[in-house]
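Same chain, two partners: subunit A is paired with subunit B first, then with subunit C.
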Partner chain A sequence: MIRPGAHEIRMGVLAALGFAAIACLPLFDDGYYLSLAVNIVMYVALCTAWTLFSGPTHYISLATAAFFGIGTYTVGIGIETMPFGALLAIACVLSGFVAALVGLATLRLSGVYFVIFTLGLAELVRQVVTWVQTNFTTGIGLYVFTEFTEKHIFWMLLGLTAVIYLTGWAINRSRLGFAMRIIGNDETVAAHVGIDTARAKVLLFIVSGAFIGIIGAILAPRFAYIEPPSAFNPMISFQVVIMALLGGTRRLWGPLVGVIPFTIVFDAVSAQFPNHTSILMGLAFLAVVYLIPNGITGWIEALVAKLKGGEAAPARKTRWIA
Partner chain B sequence: MEILVTGVLLSGTYALIALGLTLQYGVARIMNLATGETLVAACFGAFWFFSALHINPVASLFLVAPIAFVVNWFIYALLLRPLVNRAKNRGMLEVDSILATFGLMFLFQGLMLLGFGGEYFSYSFLAEPFDIFGSPFGLNRVVAFVAAVVIAIALYVFLTHTRYGTAIRAVAVDPVSAGLVAINVARASAFAFALGGALTAAAGGLLSTFYTFNASMGVVFTMKALIIVIMGGVGDVRGAVLAALILGVAETTVASLIDPGLTLAATYFLFIVTLLFRPQGIYGKKQA
Partner chain C sequence: MNAALQLAGLPSSGTAPILTVEAARKVFGGLVAVNDLSFDVLPGELIGLIGPNGSGKTTMLNLISGALKPTAGTISLDDRRISGAPPHVIARSGIARTFQLVRVLPSLTVEENVIAGAVFGHMRLWGGDAKDFAHSLLARVGLVGRADMPTTALTYIDQKRLELARALAGDPRVLLLDEWLAGLNPSELQIGIELIGALREEGRTIVMVEHVMDAIRSLCDRCVVMNTGTKIAEGAVGDVLSDPEVIRAYLGDSDA
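Now for the complex of A and B:
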């Protein structure tokens, strides 16, 4: 670990002030804007957790919905018997464990296997949960009644987002982060300089998955009624990928730039034209591939470099692995 | 025995979808995640031809498959070839094609939802019993299986016994060397992609005769096709057929002995076994 420099301390103070300002939001509004803010903070947290793993490794993970659902279900099953804090811890461990299994099975191989495996993971977990519930328990649905209101959920998510940012920052400065950057640039080189690439990738995937599990657990009281199709909704995985890619994944804060506009547009479209959301998603994916391959932040960075230097620096394209 | 026959009958359609995907991925190098949507679109196509124009679904294959061929050719030429040209290596192309076909997947799904809504569709074609080994099976399933076998054999003969088929296999092995022996790689790739789309559409037309379908079920079939292709070895016709057989039988076994809700779990189990013991697939060669 390197001691943080003056610039980093300044950024940290600014970020802390920003978080404190955002945390005051529920004092002003507890209707539509708070609910929109919960959505935005949730996706910021999800996308940043996703970027922790997929940013440096360039592996596209579609497992978000699976971890999210595991978190939600943990709370749904245990809320009657256990305190909420303990359930968050269990959700974290469980989704981390599933991430470890998936990582061990696929991350030793090329990225295509990983994408395909995670593509169906949420559906697989959903089928297993449904099967267990119909055969060994009394019913499919679960009720979650708590004292929490929208603003408590908002604060918990905001706090967790801060933790995710801090974790990402700490990983970047650690040996693991350094190893990840080398793997992201060239996996063969990484293996040749003695990095256990599979171990590093699995570790990071566990961290990312565990965070997503906690997010799902925090959101459980908001749903109130939990059943497999809504908890393991595969749409979440795709939304997270598209928002993170829109924002750009080369900076830890990149997804933030994608989440805010996309959540607002998506909310508006699904309220007015509920049948058009798939088309919106499709167009967003095509836009990321054909128009802004480095995301909005990458585009802005290229623009700034062009204005500053007169001549554009050769655009380093993000190399995604599959 | 009954399980085995049902599984084998089902696997005919699976094999066609997987053959389509293995051509697109093995030859054109495009990981087409919208393959399930092509399938569902063909289901709707056959449904429309049958209910509006009273055309027999097997006969309408001769309309559905050529339409899919043309549409897929345009998709490749307009959307995917730019990605092939800008990619510096195979990994980059794979990622770009995955993201682009995700876009197509959502786009097609959205358009079909707009056109047909989210309800389930089915129609009744040859829904009468047919006896095999003393047990009755749906005649439509048997017809679909026979048609699938005929198409698969035709494809195999085309790939192994014609000049152009051999050229396509050469592109699958090594696009650069294929170019050196005067094969038009760009055209062969476009042809393979379009042919793959046509095969998938043919599978869709056959599937619609005995399966209840809706606009958003495509991704499940994409999953199954991907797993079959990986199990069999990318780009290998024999492997895809064998893997489709294994998957069809395994799925039917789980569905009838344990729970119909667990078919995906069976698929995943096979996938994990493949990944752990033979990641290059049954007929695949180890990559250097």
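Now for the complex of A and C:
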């Protein structure tokens, strides 16, 4: 295996210090800023998990809401009978399992079929949950009462984000990560050098989906009352795609750069003009499509390469499969 | 492995073929692109697959590499059936190829492009070993000192060299070259022919789709000639190229 270089160890120490500093935030504020911070960390975790799969494959997945909702519902159903930690594990396994099924069924198809299917999946799961609840249980919603406060949710999300980053880093250094880079470049070549492209994609989709499921589970106590339209809200899927693309998906930390400004602006806009948040999403989407196809990080990297002078490798526009 | 046997000159008639194509057939709708084609490739042989444009040569190569699945027929490597298997399985069993339109991996460096060929095949190299091996192959194809370059900085022939290095990185039992010499200028062509000749000398088994007659004459042990999906001739290069039916296929009836 490749040993971590001095540069990587230094970055790792810096990142650990950064996480430790951020983890102190609840000691200073437990009101508005903590709540905003939970939103930011949630979307950083979601977008980074999404990018684990969609970054290298260039497949746009709109299944985020499905995995998120599976996680949320796992907690909603089991909170009375099981410890929270066990529910997180179940959410991880369940959403990973659904990701495996979806992956096996759709990743052989490519292009727009995958996008549509993943969008439909969230709706399908939502309808199934609604049907089960209306026919077999007393009410449509579930209450989640726990001892957790905002700061506990914040710490859990932050810890999970660290795990997601470490996983992404480990994958990038592994054969699987190298295989994904080759697949992202040219799937025909990938198959002809011996890569089982379908298996690699399904594996990564499972990892990504499982993480998103855990995020949904962690967020369940924050909702307190869970019902299908909120747990399987398709807006989550769209926001994740837009923020991740805005930040850029070529680096593991790319989505972070998109999430922080977007979430802050989104929060401000929704406080002032609650019915006009879709305009913000539309504008961000237009910016991604027309101005910064490789996201903010891609744009910065191109700029740095230009400033350094010399022949910068021409930035290739990412071809998204949609 | 059996390099001694391979270097002993032309394989004797008793040698078992390494690659066997039996009645391979590929149909696209109403078009029969490959029509019950059969041929054998012996270990260490360099076979030319030739024929006019549209005669089904690349389709035949795609059937061997698994890019396409045959409609009927069997292709075996060392008596193990590979036809119908997905391309990654065929690649791992020991078949590597280059593409008619050169396919380098644009966002990877030159070195990584070569490593890509060595990681997932039977070599399963990784880390420092893969790097060292890639460097030796880059030297082999004439790309010394280019390892850290982006592929966009390479000329056309260098991209072709890179693709060849990637194919060699899998240490294939059979190497498929799809018009690897096409589009080269006369001096590059000479370099290219020498490079393929050197690969043959070291005992590689090669199937080469080619239009460049100089290369076919100087390199190939045998030729299989295709026309509209059918094999119309097979044998030593000189015999095949003077075959009236082959001349008719290339030049039309009046010249035969």
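A few remarks follow.
Heads up, the rule we're going with is that the second predicted complex is superposed on the first by the 317 of 322 C-alpha atoms of A that agree within 3 Å, B and C clash if a C-alpha of one lies under 4 Å from a C-alpha of the other, contacts with A are read in each partner's own complex, and residues count from 1 in each chain.
Keep in mind that, in the parts below, a contact is a pair of C-beta atoms (placed from the backbone, for glycine too) under 8 Å apart; a residue touches a chain by one contact, two chains touch by 3 or more.
Note that the structure is a prediction, hence the values are computed from the model and not measured.
Once the two complexes are overlaid on the shared chain, A:276 sits against subunit B while remaining clear of subunit C. Shared-chain residue A:85: touches no atom of subunit B or subunit C.
When the two complexes are overlaid on their common chain A, residue A:178 makes contact with subunit C while staying clear of subunit B.
Of the two partner chains placed around the shared chain by superposition, subunit C is the only one that A:186 touches, whereas subunit B remains out of contact. Look at A:197: by the touch rule set out above, it reaches subunit C but stays clear of subunit B.
With both structures placed on the common chain, the touch criterion links A:5 to neither subunit B nor subunit C.
The larger set of touched subunit A residues comes from B, when the choice is between subunit B and subunit C. Overlaid on A, the two complexes show subunit B and subunit C touching no common residue of subunit A. Within the complex formed with subunit A, the subunit C residues making contact are 65-67, 86-88, 91-92, 96-97, 99, 103, 105-108, 112, 115-117, 119-121, 126-127, 150, 152-153, 166, 170.
Residue ranges of subunit A in contact with subunit C, taken from their complex: 1-2, 175, 178-179, 181-182, 184-186, 188-197, 311, 313-314, 316. Taken in their complex, subunit A has these residues touching subunit B: 58, 60, 105-106, 109, 111-113, 115-117, 119-120, 123-124, 127-128, 130-131, 134-135, 234, 238, 245, 275-286, 288-290, 319-322. Per the touch definition, subunit B reaches subunit A in the complex via residues 31, 33, 79, 82-83, 91-92, 94-96, 98-100, 102-111, 113-114, 219-220, 222-223, 226-227, 230, 259, 261-265, 267-268, 271-272, 275-276, 279.
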